[in-house]
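Sharing a structure with you now.
Chain naming follows the written order as A, B, C, D and E, and within any one chain the residues start at number 1.
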Amino acid sequence: MPIQYYIYLCLALFSIGVTGVLTRRNAIVVFMCIELMLNAVNLLLVAFSKMFHGLALASDATTTVGIEGQVFVFFIMVVAAAEVSVGLAIIVMMYRNTHSVDINFLNRLKN
Amino acid sequence: MKVIIGFIVLWPLVGFLFNGLGRHFWSKKVVAYKATGYVVASFIASIFAFVQVQNQGAVSVHYFDFINTAHFKIPFDLKVDALSSLFLLVITGVGSLIHLYSTAYMKQESSSDYARYFSYLNLFIFSMLILVLGDNFVIMFIGWEGVGLCSYLLIGYWFTNTHFNYAAKKAFIMNRIGDLGFLLAIFWLIAKLGTVSYSEVFTAESIAKLSTTDITAITLLLFVGAMGKSAQIPLYTWLPDAMAGPTPVSALIHAATMVTAGIYMITRSHLLFSHSEMTQNLVAVIGISTALLGATIALKQNDIKKVLAYSTVSQLGYMFLGLGVGAYSGAVFHVITHAFFKALLFLGAGSVIHAMHHEQDIQKMGGLKSKLPITHLTFLIGCIAIAGIPPFSGFFSKDEILAAAYAKNPVYWFLAILGSAMTAFYMFRLYATTFLGKFRGTTEQDHHLHESPLAMTLPLIVLAVLSAIAGAIGIPEIMGGHHWIGQQLSSIVGAAKETTLTHTIEWALMGTSTMLALLACLFAINKYRQKADGEPTTPLGKLLFHKWYVDEFYDTLIVKPLNNFAGFLKNSIEKKVIDGAVNGTGKIVQYSARQLRLIQNGQVGYYILFMVFSIVLLLILWFNDTIILRFYYSLIK
Amino acid sequence: MSILQILFFALSAFAIVSAIMVLISKNPIHSVLWLILVFFAISGHYILLNAQFLAIVNIIVYAGAIMVLFLFVIMLINIKKDSEPQKQFLVKLLGVLAGGSFLTLLVALIKQTAQIEGRQLLMKDGVIGLIHPLGKVLFTDYVIPFEISSVLFLSAMVGAVIIGKK
Amino acid sequence: MNAIIVSALLGVIMMFSSWCVKGERTQKTIALIGLFVLIVANLAQMNGWYVVNYDTKSMLTFSRFGLYANTLFFGLTFIYIWINGEEISKIGNHAADFYALFFFMLCGVSVLTSFDNLLMLFIGIEILSIPLYILTGSDKKSLFSNEAAIKYFLMGSFSTGILLLGITLIYGATGSFHLTIPQAGVKYEQFMTSAGLILIFAAMNFKVSAAPFHFWTPDVYDGAPTVFTSFMATIAKAAGFIAFITIFQTQYKALGYSWGLILPFVIISTLLVGNVTAVFQRSVKRMLAYSSIAQAGFMLFALYGTSTLANEGILLYMVVYSLASIGVFAVLIKMKENSIEAFHGLGKSHPLLAFLTTVFLCSLAGIPITGGFFAKYYMINSILLAGAGLWLVIVAMVFATISVYYYFKVIQAMYFVEGHPAIMELDKTYTYKLSVIAILLLILGVFPSLLFNYLYF
Amino acid sequence: MLLLFILIPLLTAMLLLFVKNNKMANNIAVLTTIVTLGLAIFVAYKGAVDYNQPWILILNTRFLLHADGLAKILILLTGISFPAIIIATTQNQPKQKNIFLSLLLFTQSGLMGVFLAGDALLFYFFWELALIPVYFLSSIWGGEKRVAVTFKFFIYTFLGSLLMLVGIILLYIHTSEQNFLISTLMHASLTPVQQATAFVLFFLAFAIKMPLFPFHTWQPDAYEQSPTAVTMVLSAVMVKMGLYGVIRWLLPLFPLAAKTNALFIVSLSIVGVLYASFIAIRQDDIKRLIAYSSIAHIGLMNAALFTQNQIGLQGVLIQLFSHGINVLGLWIVADIIEQQTGIRSMKQMGGLAKAQPTLAILLVGFALANIALPLTNAFVGEFLIFNSLFQFNIWAAAFAGVSVVLSAIYTLNMIQKVAYGELSTPMQAMNTPNKNAQIVLIILLVIVFVTGVFPQPLFNLTADSLQQIIIK
């Protein structure tokens, strides 16, 4: 399978995430779209990892080339989890104070 | 010699410092003695110097280097030669007399003002001495500006009077315009020759180095300088106004000495002038024009000093005519005689004014003959001298110029003789209105009329004698004289040119001028012995009375436009354009600040939108547009 | 068309459709659910790529833990279905435009990249996605990032405490 | 390595001290001692002494430059906490937790100064960012703080996504997460590498608040508690710069000539937005936020080329800018309100404090005998040395002039406007602490090389 | 030795911050400045060894202080100006005088540094250093619109100096030895475009500082609004920084560019001279009048510099000193009048000669020097300046020469309005100025005339630098 397919897929998912960030006002949904972006990246990393692995495998049967991509994905998940905990805490805090999760609701800081 | 010359110059300076610094401490008496004494001392030293020059010829002494750089040197040298020694005598001699005169004339002033007056006067003498003694143009220029300054200070001596101040300012500024010409001439010399010393400039080699253009330009510029200082058209209007100063000042500065500086300067640099036909012609034309202009205006003036002032302008015109036609020694001769008789006239006028309690309008005088006998007599001698009636001094000096003018161009002579007649007329009009007939002033003035004290009459007498006999130093050869002054100056200006005129013509010329002058005198005395000249009624009379409206003309054509221009620069250009541009920049920044901050609208959505677009923009910038076009092309394909 | 390709396209279509649904669902809860479906699709891809460990972790961590957390928060703050105010149409359009141009541009660039021209990727085979090699690498070569990410967790923990404590 | 380990441990210690040790002063003292230990540990590594000598598998490389930067960061943090300790305690009752977060952030900073792998970059940035989100929102009752936190968090996460996509693209192109110097003269079109670099560039710009990715900065700096703004704007940002430089000093060559287009674009827009917008601000805090953007514009100069001058310059700039900002923010903390009116008449009522503020502001403006001058000088010199267009420098100078305008507005308010400053009670020691900063700035203003001599021995 | 010029004022300035007693502060300041003056005289006639220390190693910049003729004459001027200013304004009692004096001394330190620096970076450093205290001095103690006006001045000059900094660095990075010494920078290998750019960058900085038309608009406002002591510093010494910069840096570093642009710059300067003179004619405010007169004089000097003629250069070297002294005298007189009557409008003045004859005489003395009357110091300089202009271009000299007349007009206007005429009501308030000011004025006037009659010592002083500058 050509790598381009995966690239396009992931870019599409990523862009959908971006678009979601831009079009939604609910902080939680925006945050979910960011998670979607991260996942698109994850998939792309794995795809690349397999690409390099396949290339290396041709010359060396026991190679582990490409594994770093998957390790990276692991770390992204780790970080995402940490981020989610903090992010949701912030959103909840905001909700406590304003009873809203609308990102446009708080816009006193401007100009 | 160094010491003598030093003394000549330093005494007046000492006097200036002494009186200027100690004006609150010394009594009037001390001031008067000191001031006069210093000038007299200077006079005595001048005599020594004169004698030395007679015996040894010109002497140049070096004191110190005024400017001495790697490329350029102006020494502070003073030089006494035949020309300057003559001037020295006149300056210090007449100067001493006028100092003496002033001691009495200025008696009413408070003691510090009195000291101030004398310090200025001393400073003037000092400057004038520097002017004539300087051995190069720069030193001369120092004196040149110095006398201008003193003139300014003395005209504005009564500084509380605004009109006097304006007169003083006018004098200084007009002089400055002339000085600019002089300066440029000096620069031109430096640029071409690298030196300004007379001894190096006035050599054949130097002259050879200069092209005709150079010489013409330099002489023209020098002449502009002379115009300013010696009140020639078009820079003459300051001189009549300068009569605002105390009368002795008018006598010393604005008649006898300072105004003749231009003649001195041109005589000094006659070598250059004689190489430029054009300049010479111009000098002559300007000279004769000024002479006529001054004379015509003087015809209708009623202020005793104004008449004398315009007469001075006119006489200076004659001197320039003389210079223009190459009669350098004639011009100098006239300077000397003019110094005597014009100083005499002014001092006489001063005596009259003194007696009349500062009344200067001749219409309010008359019949002073009996009340002021000495003044009257001396004044009359002055009038005769200036009118050019033999054997008084004015005749000889004027005659020499006239003769040279005739030799050059009879038209000059004709115009000059016309002017000469007018001179005789207005002088005797003045004399007659003032001294003859009956008194027209107030009774109070009448009551107080008195002859002036000895300190004032003594100078009058001395000057009257000199006016009468000074012609002796220049009796022309046809009258059997030796023309002593011509010989004196021959070392400077070369031997007088062989006149092409026959003796007959010379006699005829003399006769004509004398006749005309005499006729004019008699006519004037006849006309004005009983009544004064009222307000003029004829158009010409009005025109002359208002001095040809030259002042008004200058005012509307030069002064006002310049003033308006300055105002325009100040109020429009400076404020709106230049400062506006600077402040405008600031305003633009402020404005863009106000606009730019609106981008920051406080909404996260917008922020991220901007960020995404920015990334897109970065990508586009990075990969440049061709790649994107290629992509779309590939899509179509 | 091999079975792999069919699976690929099916999963891809599923992922994209679900992702779009995340965007257009009005109700946040629906968004969460759609997002979980996206994650499942992605996990499917991982399996296709024989990245078994990641597939499992993705399900457990993302779909299982994180998304449940989201759901939980949404429930907690009890947002009404239609209470979310919508953005203006123009803003939405701009958003789509931005996302779209971002995609177009990147695709344009990738399409012309010679670096990956003709590269295939290994499906189904390969051992690197298995838990054993991954674990080995993680605790040898990647032990430093592994340890350091603990700091990340610590700080997130402290942060959650600071923010969350009343 | 020492620094990473010790700072992580210290963070844990501080965490526990929050319930073992009572009294905020004690906690501050522990934190300061901890920082001292940290500095010592870091210096020890510079001199070849390790806690553990572990093969990092080329995840991290410890260069003298990076380690020295670490030392400087720790030193700055020391000063920061020394001055602001009491203020930190006032926000909520989590002083020890905040200190723990600072130590964790310093761990992140240490990673950022020594990473050799994009994975470490990512982790480092996250370790630095997540505590910052928390600190921003730490004033839980304040709506401003909430708003700032949510904005910062959402945008930060978004930029993380961008960063990751960039890293991925680079990985896809090169097959490695290592920073390798790209070979010159590559035949094929490396668009993927370049696209990845651009995305990383954008994300890093976000972290250092360079325009047009600066939007979070004013709002977050404004909304966050001032004392944390101070940290965010100084040490956190500077660490971002070190990372930024580490990547791009080697990688920019992959971008070819376009680098000369893209970087000036960012620099100019950063300078423009920062300086010009700051002109109109009434709130000093917000003005400082914009000025911090503007300063980032100058620091970006260091990216232009690799040279010792650029490296030294960025160190000097960081230190000087951070010191001055810490100082100004420390004064601002003591103000009852942030508006410029609060400063009216400060020169009369608190002459020394006003003078110190003047020194800080002059330093920010880059006026000689304060360190700011040489900071700017190094930047200009390095960029000209790197062959940038003269026009860029001249434009930058024009903006620097504008910056003088708004910095001096504050000075004018302090000295030339009559009024009563809205300032809280000050104890003398606070002013004296600030004067230490001022003295440091002045020393660096005359002998900037004091800072670098240690780099070379 | 040379370091003392910077250190003495600097340390005293710091000391003064802690001296609360005004009288004592004043005495200390006077004493210090007089010591500095003594030192300046000593150095001027005995010379001094360069102070040369490495400064910032990596940049290879050196803390090099070097006193050649140009520097000597300017430190002499600075040395004379400061005690004169401080003594003459003793009677003015600004609030917090110790700080006022302290800032003044900081300025002096900066100025000395500017004139002595032999290293471009050091030069720049002091260049700015001299500016900062002035900003505070004017803003705190100035007139009504002081803040805005001073700010404009500050920003304007700051922009100029930043541009110069760019120029310095541009030269620096193109040198082979990589240091900032003037001898090194001279040999920087620049392309013609770079040289032209660097020239413009330097020139702008100096032109703003001088100030040259049309960059001058900060000056009259600043002079008007600053406290007089500061105005004196500004006009007597600080504006010389611009000219000094041209002589020391611009001409030697960019001989070609200077030559190419000479005609343009000379014309610009002369236009400025006439422009400023015309505006001065219409000024009613005595301070603004002196300000515009100063612009005119400075423009003239600048024009002479760009003729690149040795005579002109020599003239400027003398004139730098003379103009400082003259303008100082004028300011002191103006200050005395303003302090005692509270007016600056010349329309309301008049009769000073009646009220205070001595002061009037002094005023006239300085005014005459201002119009470069022979035997005053200004004549010597302007004579040489005009000379060089004449050799450069006859028309340049002719047009510039018009300013001789114009300067007479505005100066005499001033004398007439201030000193002469009937005693005006405000002037009746005039008391005898205090002894200190009088003594200072008299000493200055003596300097005016002594250097006007015997300028040779000044020529000797500057002879060596003349050689150096022309060699390039």
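Keep this in mind: a contact is a pair of C-beta atoms (placed from the backbone, for glycine too) under 8 Å apart; a residue touches a chain by one contact, two chains touch by 3 or more.
Since the structure is predicted, the reported quantities are computational estimates derived from the model, not experimental observations.
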Each chain counted as touching chain C and chain D at once: A, B
Centroid comparison with chain C (C-alpha atoms), farthest chain: B
Per-chain Cα centre nearest the global Cα centre, belonging to chain: E
Two chains sharing the most C-beta contacts: A-C
Centre-to-centre distance between chain E and chain A (centres being mean Cα positions), rounded to whole Å: 66
Centroid distance [mean C-alpha coordinates] between chain D and chain B, Å: 76
Inter-chain centre distance, chain A versus chain D - centres from mean C-alpha coordinates, in Å: 27
Whole-Å gap between the CA centroids of chain B and chain E: 35
Two or more partner chains touched - positions in chain D: 119, 123, 126, 130, 133-134, 137, 140, 150-151, 154, 158, 172, 191, 194-195, 218-219, 405
Residues within chain B bordering two or more other chains: 597, 600, 602, 604-605, 608-609, 612, 615, 619, 623, 627
Contacts with two or more other chains, residues of chain C listed in rising order: 87, 91, 94-95, 98-99, 102, 106, 109-112, 116, 141-142, 145, 149, 152, 155-156, 159, 163
Each pair of chains that touches, named by its two labels: A-B, A-C, A-D, B-C, B-D, B-E, C-D, D-E
Residue ranges of chain C touching chain B (in the complex, touch as defined): 87, 91, 94-95, 98-99, 101-102, 105-106, 108-109, 111-112
Complex contact set, residues of chain A against chain C: 1-9, 11-26, 28-29, 31-33, 35-36, 39, 42-43, 46-51, 53-55, 57, 64, 66-68, 70-71, 73-75, 77-86, 88-93, 95, 101-102, 104
Touch list for chain A against partner chain D, complex: 3, 7, 14, 17, 21, 27, 30-31, 34, 37-38, 40-41, 44-45, 48, 51-52, 65-66, 68-69, 71-72, 75-76, 79, 82-83, 86-87, 90-91, 93-94, 97-98, 103, 106-110
Residue ranges of chain B touching chain A (in the complex, touch as defined): 597-598, 600-605, 608-609, 612
Interfacial residue positions of chain C with respect to chain D in the complex: 106, 109-110, 112-117, 140-145, 148-152, 154-156, 158-159, 161-163
